[in-house]
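Quick one: structure below, then a few questions.
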């Protein structure tokens, strides 16, 4: 199956500290790599779960794919066509094929627009003529499970879950081939998180659209994406089929994430939480960047950065001693 | 992740009716509104209200005390002071509206560019703003008057130069804040270009507070115009302005004080009115300041 | 012996744009000494309102419509402001969701922790500082002697939350109210904080009221659980009993939705369809009726009362009383 989206060794850097302050504070490199050497691909109609905690770079990666942040090095290809760095009409065409929903559901909707205007905005932006915008609005709104009454409401009159649906409807207006959903369950009550995730699954089936699901909620990925990737400090430290990773995570960080999920069963206690916190991106640890917190750390981990290792076909991890591969303690 | 608030009631902006009710409930707000209305009506219907031609000289009737025929008396050239004050209100309003609108347009346009555009553009424009703002107003006025002579237009230019940089700064800050707002990011992701984003998404969201701010500058502009005209830099005789009335009355303050009172009182009252109204409006629109329950 | 904290018939209203919103209706439960009670609810449940009401920290637009809260027999609502201040931070302490709002950004952590001990006139400044360092070490702040002089922004979110907890526990309060202490944290940090609270329990003899929207968090450390829905108490039980034998349909549905309980062969995510009822309207039916899969006629006509279904286990559902 042809790959819809291919990302190869992508890098995104930001200046975190002003040059003068950096010099004063003795920081050699004021730039941080929010995304460092990330490669992944998504087939047509496929779903990929990008998992990580705050600061892992997953949101930045999503935005880089949309061209909202500049990238340095590496390539993004959509159906083989590289990302148009020069902007202009090619970039606009790119954004016709990929759409994104954002973490803050009401914040991502322009406050003075009705739902109808919001959903049909993409048509106006891309100068699509010859379509009955009213009909399109009704179609899109019912596609996401909202009644047509919502068309006349404003963003601040919607609940979090409703606003998310509007964001999804807007993203689907021009029939994109890939939908990037950035934290679609953030801020939602547990009892309604499933609504959004089930909606995304249904849309995938009905429209054949591919999905990049960016989330810190591992459980959401279990049913929503057949493959997942775990990010830590801007690097993809493990990728593989979701079921496999859940069953037998190879990287200790992935295992820690899985173990940290609170279990709604008072008779079972989860393992001790992993110690420490994510190191500052300004001061990346040498060798394997996870070594400062890894319960299985060995001398090699402190000195040498691990390359991607194939644990099984299509299951990769950046670890010298992947779990269960006979190499860890 | 935001703290859970009331999902059932996300605080929407209070309906206009409620805001108006709160405005009218505040006694200072009512007072301010009344004064402003008087000012506006006087200015708009000046021609109908003024009983005499404000420039009509009648030396035999000079320096008369207020009476039924001349409500504020007459000045040193026999002109009816009341008519002059009424027409002066119109001048004041004209200058205020024109000057503030121009300042908003100019400052706003530059502010948008500075706030949304690349850093180097922002740096240059901010430098321009700050340079213009650092000129003391009086000196700038003097220089301008020397160059192009005193007139209503001169006053407007001076006001625009004084206020445009401040408005520009405000627009710039608001634009910068919005630039990183999630909905702007969303619009960019949909393919919208900067022109569309600024016109359709940024400007409508900043005009509200800007408008309130600008309307609170109206009394300031009125005072500036009066001041400049008083000093002889503004409106030229025989055009009546509160400033020129003040100037006329100043010379005769000893035995005919009503002229200066007539020039000064409307100035004070309209400034008070706008200030009270502006504050009451702001309190009415911001529901967080409401303390009742 | 009287309970440490008794909440009796508490009803709290907020000013709405048109009519009052009933954030809490007739909530009644108590917290015994040394117990950890979990208060679970989703948006609109009123759980944060309740935790703020205890220390009378509600916004001015809120009003105690009915009921009392008694702390060691003393009616908290009848106390003068001065008497209440004597309790706050001393006998009843609170930890909030966002540590950045608890900590003053312009004072060093040490300054704040010393300041919090202002009532201890018997201690010198050096002694107060030493106590602060000790408790920072206890909550897992590395290198506390040096870091105590740092400012809040120099700490990460997880550290700041630990500092908030440390500050709250400095006076060894009888009751610690933790309002969503881990909601803003990533899951690995959340796990650390929960481990910390479990550890601290050994030295800290006070009771804890842990407010959370996540059942998993509650299952980890609580002794008993109170479930709120739309301002009403719908179920209360010892923790093992609640998870093994939930009697209220909302509790059951909430458990089903927990991501940790997802069945291996699930095809889609379970949800609770529908929305909260109008919190401004008077209650004539069961609060959960609009979303309950087991609702029948009586549920629409009459609000159920709390029925005891087991030791320490109460729930309000018509299905429970014949």
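Note that the chains are named A, B and C in the order they appear, and that numbering of residues resets to 1 at the start of each chain.
Convention: a contact is a pair of C-beta atoms (placed from the backbone, for glycine too) under 8 Å apart; a residue touches a chain by one contact, two chains touch by 3 or more.
These numbers come from a predicted model, not from an experiment.
Participant: Computing the C-alpha centre of each chain, which chain sits at the greatest distance from chain C?
Facilitator: B
Participant: Of the pairs A-B and A-C, which shows more C-beta pairs in contact?
Facilitator: Greater number of contacting C-beta pairs: A-C.
Participant: Distance from the CA centroid of chain B to that of chain C, rounded to the nearest Å?
Facilitator: Each chain's C-alpha centroid was found; their separation is 51 Å.
Participant: Centroid from C-alpha atoms only, then distance chain A to chain B, rounded to Å. What do you get?
Facilitator: 49
Participant: So how far apart, in whole Å, are chain A and chain C when each is placed at the average of its C-alpha atoms?
Facilitator: 32
Participant: Of all residues in chain C, which are in touch with two or more distinct other chains?
Facilitator: 42-43, 213
Participant: Using the touch rule from the top of the page, what residues of chain A touch 2 or more other chains?
Facilitator: In chain A, residues 159-160, 189 touch at least two other chains, as defined above.
Participant: Indicate the residues of chain B shared as contacts by at least two other chains.
Facilitator: In chain B, residues 1, 7, 12 touch at least two other chains, as defined above.
Participant: Spell out the residues on chain A that touch chain B in their complex, using ranges where they run on.
Facilitator: Against chain B, chain A makes touches at 63, 66, 68, 91-92, 95-96, 99-100, 102-104, 106-112, 121-122, 125-126, 154, 156-157, 159-160, 167, 170, 186-187, 189.
Participant: Considering the complex alone, what residue numbers of chain C touch chain A?
Facilitator: Contacts found on chain C: 42-43, 156-159, 186-192, 194-195, 213-217, 219-220, 222, 239-240, 243, 253-255, 257-262, 266-273, 275.
Participant: Give every residue of chain A touching chain C within the complex, in rising order.
Facilitator: 53-54, 159-160, 189-195, 197-198, 201, 216-220, 222-223, 256-257, 259-267, 269-270, 272-275, 277-278
Participant: Could you please specify the touching residues of chain B with respect to chain A in the complex?
Facilitator: These residues of chain B touch chain A: 1-2, 7, 10, 12-13, 181-183, 185-193, 196, 200-201, 204-205.
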